[in-house]
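Report on one structure; see the data block that follows.
Order of writing sets the chain letters: A, B, C, D, E, F, G and H. Residues in each chain are counted from 1.
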Amino acid sequence: MSYTLYLSGEIHTDWREQIKQGISEHDLDIEVLEPITDHDASDNIGCAILGSEQSNFWKDHKAAKINALRTNSYISRSDIVVVRFGDQYKQWNAAFDAGIATGMGIPIIVMHAPELTHPLKEIDATALAVTETPQQVVEILQYISQ
Amino acid sequence: MSYTLYLSGEIHTDWREQIKQGISEHDLDIEVLEPITDHDASDNIGCAILGSEQSNFWKDHKAAKINALRTNSYISRSDIVVVRFGDQYKQWNAAFDAGIATGMGIPIIVMHAPELTHPLKEIDATALAVTETPQQVVEILQYISQ
Amino acid sequence: MSYTLYLSGEIHTDWREQIKQGISEHDLDIEVLEPITDHDASDNIGCAILGSEQSNFWKDHKAAKINALRTNSYISRSDIVVVRFGDQYKQWNAAFDAGIATGMGIPIIVMHAPELTHPLKEIDATALAVTETPQQVVEILQYISQ
Amino acid sequence: MSYTLYLSGEIHTDWREQIKQGISEHDLDIEVLEPITDHDASDNIGCAILGSEQSNFWKDHKAAKINALRTNSYISRSDIVVVRFGDQYKQWNAAFDAGIATGMGIPIIVMHAPELTHPLKEIDATALAVTETPQQVVEILQYISQ
Amino acid sequence: MSYTLYLSGEIHTDWREQIKQGISEHDLDIEVLEPITDHDASDNIGCAILGSEQSNFWKDHKAAKINALRTNSYISRSDIVVVRFGDQYKQWNAAFDAGIATGMGIPIIVMHAPELTHPLKEIDATALAVTETPQQVVEILQYISQ
Amino acid sequence: MSYTLYLSGEIHTDWREQIKQGISEHDLDIEVLEPITDHDASDNIGCAILGSEQSNFWKDHKAAKINALRTNSYISRSDIVVVRFGDQYKQWNAAFDAGIATGMGIPIIVMHAPELTHPLKEIDATALAVTETPQQVVEILQYISQ
Amino acid sequence: MSYTLYLSGEIHTDWREQIKQGISEHDLDIEVLEPITDHDASDNIGCAILGSEQSNFWKDHKAAKINALRTNSYISRSDIVVVRFGDQYKQWNAAFDAGIATGMGIPIIVMHAPELTHPLKEIDATALAVTETPQQVVEILQYISQ
Amino acid sequence: MSYTLYLSGEIHTDWREQIKQGISEHDLDIEVLEPITDHDASDNIGCAILGSEQSNFWKDHKAAKINALRTNSYISRSDIVVVRFGDQYKQWNAAFDAGIATGMGIPIIVMHAPELTHPLKEIDATALAVTETPQQVVEILQYISQ
């Protein structure tokens, strides 16, 4: 039976493509959902559609809410949420997504380099798998899909 | 009628004390819940009670789970979760708590300096109030408690 | 056994006082929750605490969210929500509260003059009692509390 | 992945048609649900099927309940509820629908003219987007569907 | 959009056939679910599969539980439950089904002769439509499906 | 730790008094909730408070809804619902209450004479105890309260 | 209408094959979900994908969590969970699955030899059918699918 | 703030007393709930109150259901469920309780000797703490209660 997977977090490397390619290569029955990963579009969408703002706070606010229409809807219909933390930026939205999934009772898989273990310990402790590479995620998906 | 408040996030300044003092001064009927804020105790509690581990990953893992017994229980019985972001450290657990509350349908108040607006935009957009100081939180509590 | 009652809607007549007086006279074990009914305070609270805004939209936005901290928390812990519609103003927030209670599975009692029957038919059809006066609400509370 | 959209509120302009046309033109994978928008049919359906009533109250009552069979079922299976407020009539049923969606945890998009901002502030504050035109709704749908 | 309908209650007249025929004639997109309506099979299925019992109590018990595997599963995935009361037998299982649907938040349509109004008042008061004939149910389905 | 008990069903014998007396004699920490058991008051309360109706249907309707304010609220906060079926009347409201409790996931204890076993088999199969006398209910309460 | 069935428990006999064959022979519209039943793969999958561990505890831990990604997801989307207990091993995971389904409100069918009745009494008492053979499960599925 | 704790599982050693004594010695604000731990009373209670049965299956069945009135009610209102596995007997009811708590989203602490790690791996992997002694449980409670 199929799974629905949401890929949350870091948008500067091609980890989503690697997971999608692995799913395709192994012909797994898995639907992949993602946020908008175009950074500029995602930042500017609020004012682009709903009109400009003088303060950056409200500009961000309007953008974040439109993105939430997609993000929260996608998380809520997922069987598993994969959250990747990279080595740059604050990435609080990734941790926030991990929390939303947890609060909804949806299991998470985390992906990050070992040096991030300590600050991610609460999220790792909740995850059903702590991975380092997209290949490991694909192997897990392959295993649970057989 | 009373509120139950959970104070999540940054543990290096006295913001929790300021909020508790404000609640006390205004004689508000508000119960305050907090995580263990002793950083060393919180980091070491897993191995201290359940036995030592060779890897830091499992040491962190055991500690984080014991802390979750308190944290998740407290968040789930709160009416409002206040989450404060400071200017140091990754603070992914604060964002994770904000997400857990959101996933459970519990409203949040965020507290942070204006320069953190952009990386916190998703959390701010979900919050029912975005504050900068403990005094503002106390004023909100005073207003909704009259 | 006691009930918790939330009194939503019109704030320009003394209907809340009449209900509270009736509860008191009949010595009913009923806890009464209410929104902030000081119109000016309620409108201005956002900017008063969190800083001024140039646009009325954001001024209203910040105020409405702080009020929601109280309102939604109170509705969610009520056994019954009483919603009164008067003869002035748009009163969309009253209808919105009636909807929130309904979406949460909390029963409502409606109070309004007969000439409002047609535009309120969807809300009346959901209510467990459609009343015209505070006295009728008190009689219902007295009956279900014996 | 597809969205299910419920279009609630004002029935005297062609805003629903404009949104549906935009969805069609951009070939978006969005299912659109609507109430019965034939005003007379909607008002009379209770007595038409279940027998006449002498009082308008019960006539309205029976009609509103049959309409609720459709409306509440449609709202509950939607990912997003769009609620439009026009410049005429009480429109309490639109605000009631917005509340029902909110009580169920379903996000809303609001559409109204700027002069309605103040009386709609509670609903706007809950919405993930406050729009003025069907085109803006279509742009949001296009953005979150890419 | 389609509805799923569960037809509960009286099994001695052809009301289910009439509703299904009406759905078919009007080409409505409605899936119809029903209990096992073969009275003897339904009474004996427990002992037939799981072995005989000396007491009628346990014979009934085993049968009722196997029927509940179907009934409760079907009720829980329905959008609307239609419950018909006839003029014979205790029919407590029909009232029980109406209660299960109500406890799950699923709306009901009731069908019964007018002389049963008084003993059915609690169920009628919960129903979104109180009908007397299968034709009325079909008309409602036709109306909400247009 | 205490239990909250709702006593639903037959109102013509003193079974509620016997259970309450047994709870009192054994000094059990059990809160007992009940419907209004004054038959005439319960039948007439709708018109008595909200105004008279020409048809018995709407008279019953208004009364049943006011009673539901108490009944459904009490059932929803109970740990156990006891439902007694007597040897007279239709008693569909008792079966309806049993269903509501079941739909909400609240366990039931049934009380009835053995000759009602067959028509009550669906309700008995759901119950955690099928009793014949108030004394048996008291013995169960005594056992689970030790 | 179709059912989704999860087959939990004992993995050393061919009971799953017998049920699937019966479903196939009777052409039942039933989707069958199962855990990974390859014992070695299931035990070693954690270290195989995520890296080796020195202690058996963490080896088991990582494997169990990856298996839970599949197991809990499958249980949560099932209409019925069948749990079989064999005559060997501790089989606590089977009892744990039965509890998870029960906690989620999903009905269970139990399958075991009569000599296990006493230690399984709590699980049997919750089950909607207590069977001894795959044939009985197939007969139940056949009956509820007609 | 206080916790409510349910102590499930093995009834042949004094581990419950040790935990309760530790709670008392450290003056922790923790309410402790337990099943009936009198083995004979627990086995015979069904027939003792509700009448004898010829088959052991139904004797066990009636007893298990009365015990479930207490057990499931207590688990559902707990913040934490402690489940202890001893070295004797099948103990499927302990694993079943762990599952029920998990299905309800209530965290568990497990207590067992290290040699039971492998057969308990699924339950351990879900637990927020895996302990071996009552003292460890008391230390955890002391830590999260400070």
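Criterion: a contact is a pair of C-beta atoms (placed from the backbone, for glycine too) under 8 Å apart; a residue touches a chain by one contact, two chains touch by 3 or more.
Just so it is clear, the model here is predicted, and its values are computed rather than measured.
A.B. asks: Matching residue numbers in more than half of the contact pairs is the bar here; say which of A-B, D-E or C-D clears it relative to E-G.
C.D. replies: Same contacts by residue number as E-G, out of A-B, D-E or C-D: D-E.
A.B. asks: Quick check for the class: compute each chain's Cα centroid; which one is farthest from the centroid of chain D?
C.D. replies: H
A.B. asks: Using the average of all C-alpha atoms in each chain as its centre, how far is it in Å between chain A and chain D?
C.D. replies: That gives a centre separation of 31 Å.
A.B. asks: If you average the CA atoms of chain E and of chain H, how many Å lie between those two points?
C.D. replies: 40
A.B. asks: Centroid from C-alpha atoms only, then distance chain B to chain E, rounded to Å. What do you get?
C.D. replies: 49
A.B. asks: List, in ascending order, every residue of chain G touching at least 2 other chains.
C.D. replies: In chain G, 65, 67-68, 130 touch at least two other chains.
A.B. asks: If you look only at chain C, which of its residues touch chain B in the complex?
C.D. replies: Listed in rising order, the residues of chain C that touch chain B are 31, 33, 36, 41, 45, 49-50, 62, 65-70, 72-74, 77.
A.B. asks: Provide the residue numbers of chain A that touch chain B in the complex, in ascending order.
C.D. replies: It comes out as residues 56-57, 60-61, 63-65, 67-68, 71, 85, 89-104, 114, 116-126, 130.
A.B. asks: Which part of chain H faces chain B closely enough to touch in the complex?
C.D. replies: 1, 3, 79-80, 107, 109, 127-131, 136, 139-140, 143-144, 146
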